[in-house]
């Protein structure tokens, strides 16, 4: 390693950065799953230096070479310097992407991944330009929960989540797209899977990474307002609703902080209590308004259905009311294929095959939109 | 054939009849694609006697043995007696279904298939009981258009349509269901593919087979009000909208009979003219009201999307407004998988693989509904 | 039909004839499954006139339009005139193939299909030229046994066999090849499935259609020596061995005609009795010599394994000894994918999916041979 | 980590060890790809301590939890202590397998992975018992070459090889089998891909790990005679021949050590020079004799064909001659599915899908053998 020189991340000019950024750029925080640095280098060896921290939920990282998955590992609190390749043909440019597997972790205030720089014996070359920018907004599905792990595993742990086996990543790759992920397992558009009304994505959407809390994360600017002008997507995929549907099936939840009990109710015939359904409808309308406020030209696809499709009518009611109210027609609803016994991963979440099948139809649909 | 005895259709007591019936039962008209007679017989040989007529569009028929497709052929105007099996083990009961491949033919007033009876040397045995009753209402997709024929074929002919390669039949079989089909190629819920407002399924839904016109069909009772009490479905699958979407892309149509020109308009940004979109919405609401009026307990699934899904929001707007207005929650929206280059059949319609894939997800969805 | 003119088969100059031919050409016998006439015609309607006969095992026929399967039906003894298409665009050339579904029927001396001519209102156009000539030699697998019928069906009947759902047809189509089939259910290279040593394909290979016996077939020349020079294949696919393997598992068979009992024996450890295995080896060597004698340049592929692969070593021993003896290296062994629970058709024979999967790998293999 | 206790590998009694072992057991060398330690533990956290070394070709390791792939990483020379899971439910038994991804490395005398022990806060529980023992003997295919990496990658590097994406591992898992791998990229049964006659698997088969050379490996006993009695397989899968076939296509090779030039020749017609083909035949016969000498009851399957099947006849000639000579019938030939454009991984080697497809048919075949 004596012959390798260190280049701090802030001095790497030829680089693709995936995922939302805040004010701190050196070290560079990878805030969400799929958040990544991508370089093309000559030389025989490439290393990456980064620092991580965590309490209960340790981050996992993965890396790919020339677009192919190569490794994936747990990283525990500390300084890391890992080799991304070695002994390769020094003249051939190699494209490497290093990314965070674990979602932004609202339940672990210390959890973070900070990229410091690269060590190499070659030169940085021009990086690929992407044809499209896509933002994926979602829940555990978009966090890749259960994309790793045995079908029978039930612990709720960092290692089961990923960006490597994830319809969002697959879709972005198939479309040659730059992409952002903003997702949180268990959260919804109105409330979380267990009726926790605090767990709604709109409440954190306007911050850089509202899910990353605590002093050290705040110091990175995660709670700052996000600068939407810095990255305007062409497409926004909203994959929310699965947890909102779940809340109707769960018991009431008393939230001490709010001093109240919450419960999405069902009617005797099994249909949704209209009052409670309208809470979801209204939250979705407001979220669409928020999305449009910040994303001027993006086509917004509400893409839903990978874990049943019980909210199809609820969500389309919101989209239609939003359309009516705003006159904005640049929005659509697209149902994703349901996960089946054949395609489940761990703890009843979509497995690799489910992510692949969802990605295929979503790719076709996005192509269709842009050929129109 | 000397040893076979003829049993007129009206004397066959152990029989399953698929498809809507009118007042004439002997000969028994097979009015729609999928309309069928099914018997279980002992004996070595079985023949069926039937009469057909047609002008331009000749009917096709098919038959299966013990649930497996066996043959399919064109039948031209005249009396027919065809052998369904011969020289089989006389003691084993054999289940045979004989069915119409061609949709009800609104463009050929003479087109018909009339079953007269069976010839056999065995006995009629008990026929299967089906677990579920499903009504499929649709357009060319449900008429199986392009389910036969080369990808390059473009003539619009009877032989390309079927019930044998058809998601409706596949779905009914997978669910062990009795089923009815009411469908017409080119028709919509508001208007036909070419803006012809006369070509809407609601206008014929309340008649036995409003699509079969002309004196000889009328004599069979096709234009009589249908007796909905005679067959109450558990599920109604409405696969309409594809032609309503098409109308927005087609030129204006002058209809002499109505003395007016019709055109579903688009806005400059490519979205649907709201006034015209509302015509579809309102037609769909009215149709849902009509469906509920006649089908008291059926769960109504609007299942759409096999040839693009451009009306997702339009159709769900209708369903939601219908829900709001009626308080009827026994209705849902389910998007079917789009047909792709890999799954097309003839003249850009779903091929066998597209029908199979649509059927698989629809079967899962219907199972989900009834497990709830 | 008044406006159609009849053209006897002998006057149709622009025609592709598939399958072996004997001395009688008008009417033209379709002797094997896959034996076919193919024409390209203009005009709106096309009919075919043919005559069939049978005793127990009635022939089935099928037809395709522009390469796509269109119909399939039983034909009982008599004169037939059936419509292959009608009301099509008269100017567009339509390609039609009419073929025999049922194998040559060694158990029904009356079974035959004789094509007499076409009725049409258009003109015969140039027919396609095929890139390759392939001869398929086989048993029930190549006769398409079980390619139609329910998985539970066990009668042994004509209707379960086909050329339409058959790896041989699929392979020929994928390679744009002309093809011949010579096959018989239950027969082997040395003996039949039940140890009947008379049921070996080599004994009939040199006759036009040695399987078609009886005075009326003989009058067609079926028992005449076949004129191999009239059609020299580029590839011969020998799919034999499945019944030879079966004989080892079956009880001894007394054959009255031969006044002896026959049985392929197994050793106590379950392996094949070497003496009996050598009977298969020697029969296969002799058959390869016979094939090469008549087919000068063909690459011979022994393609085996669709119903288990127990004779892999026995058959390759034969091929290797033939190679050694003859110095002929233009021969190879290729194992086909086994049929599984997922791919079975009727009575434990390959179903459509098994035929498709076998065809895919065989097509790749043949392409590989000719690119070398 | 303060609360974890270290248990040296030699004190772990409840453990499954995969792969060949030599005299040194603490630290425990993982000599081949797929060589692994497997434990079932309670407790919240589990770490593994191991040491690695390498020169050019660094080892990669992977680990799975409850049978599911979890991580994969490069390990560079030094001491390692990595966490295999943390914060899990302490009461639930967790099954963990830690394994070597990289083949035994004949080109890197320092390359090794030595397991020292585990750190845990729980107890070791009983480990699974496996139903079958399988030895896989092969070349780059069995070393998983190209199972990772982009289709376009051409460097020959450790990171592209694996046991995690490998038909051998998949087959063992599907059959609930313990397994050994003995394989080397580029090697054959007679010679290597480039005509290097030193690169034949039989020359190293009788040593513990003849491929691992150099003083430090020798000190581990890799060059000692392997104690075959310590692990008698039920099945041996020999997947060799691909490089022997390649040698016929490559230029002559001068080997300085041997002072001679080597070349497998082809005839003008493209067939193999008989003298050279017989070298492969004889090498294969001798290898079968060697295999049987050491493995008394194993069924030996020569399973070949994942990268073309040009040696089918050559290899079966050897097997048949071996059978004839030895009277040993407990051997068979089974062709594996060829890799196609759809299933290639990196540098024209089988990718994940090719390994999966090969595994499926091999599993079915092995089941078939043991049901007999």
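Each chain gets a letter, A, B, C and D, in the order it is written, and its residues are counted from 1.
In this section, a contact is a pair of C-beta atoms (placed from the backbone, for glycine too) under 8 Å apart; a residue touches a chain by one contact, two chains touch by 3 or more.
None of these values were measured; they are calculated from a predicted model.
The set of chains touching chain A and also touching chain D is empty.
Set against the C-alpha centre of chain C, every other chain centre is closer than that of A. Spacing of chain A relative to chain B, judged by their CA centroids, is 43 angstrom. Taking the mean of the C-alpha atoms as each chain's centre, chain B and chain C sit 38 Å apart.
Per-chain CA centroids place chain B at a distance of 57 Å from chain D. Within chain C, no positions touching two or more other chains are listed. Taken as a contact graph, with one node per protein chain and an edge wherever two chains touch, the assembly forms a single closed ring in which every chain touches exactly two others.
Across the assembly, chains come into contact as A-B, A-D, B-C, C-D. Those residues of chain C whose C-beta lies close enough to touch chain B in the complex are 56-58, 60, 65-74, 76, 82-83, 85-89, 92, 148-150, 152-153, 155, 157, 159, 346.
Against chain D, the residues of chain C that register as touching in their complex are 267, 269-272, 305, 308-309, 312-313, 316-317, 319-320, 323, 329, 332-335, 337-338, 340, 361, 364-365, 368, 372.
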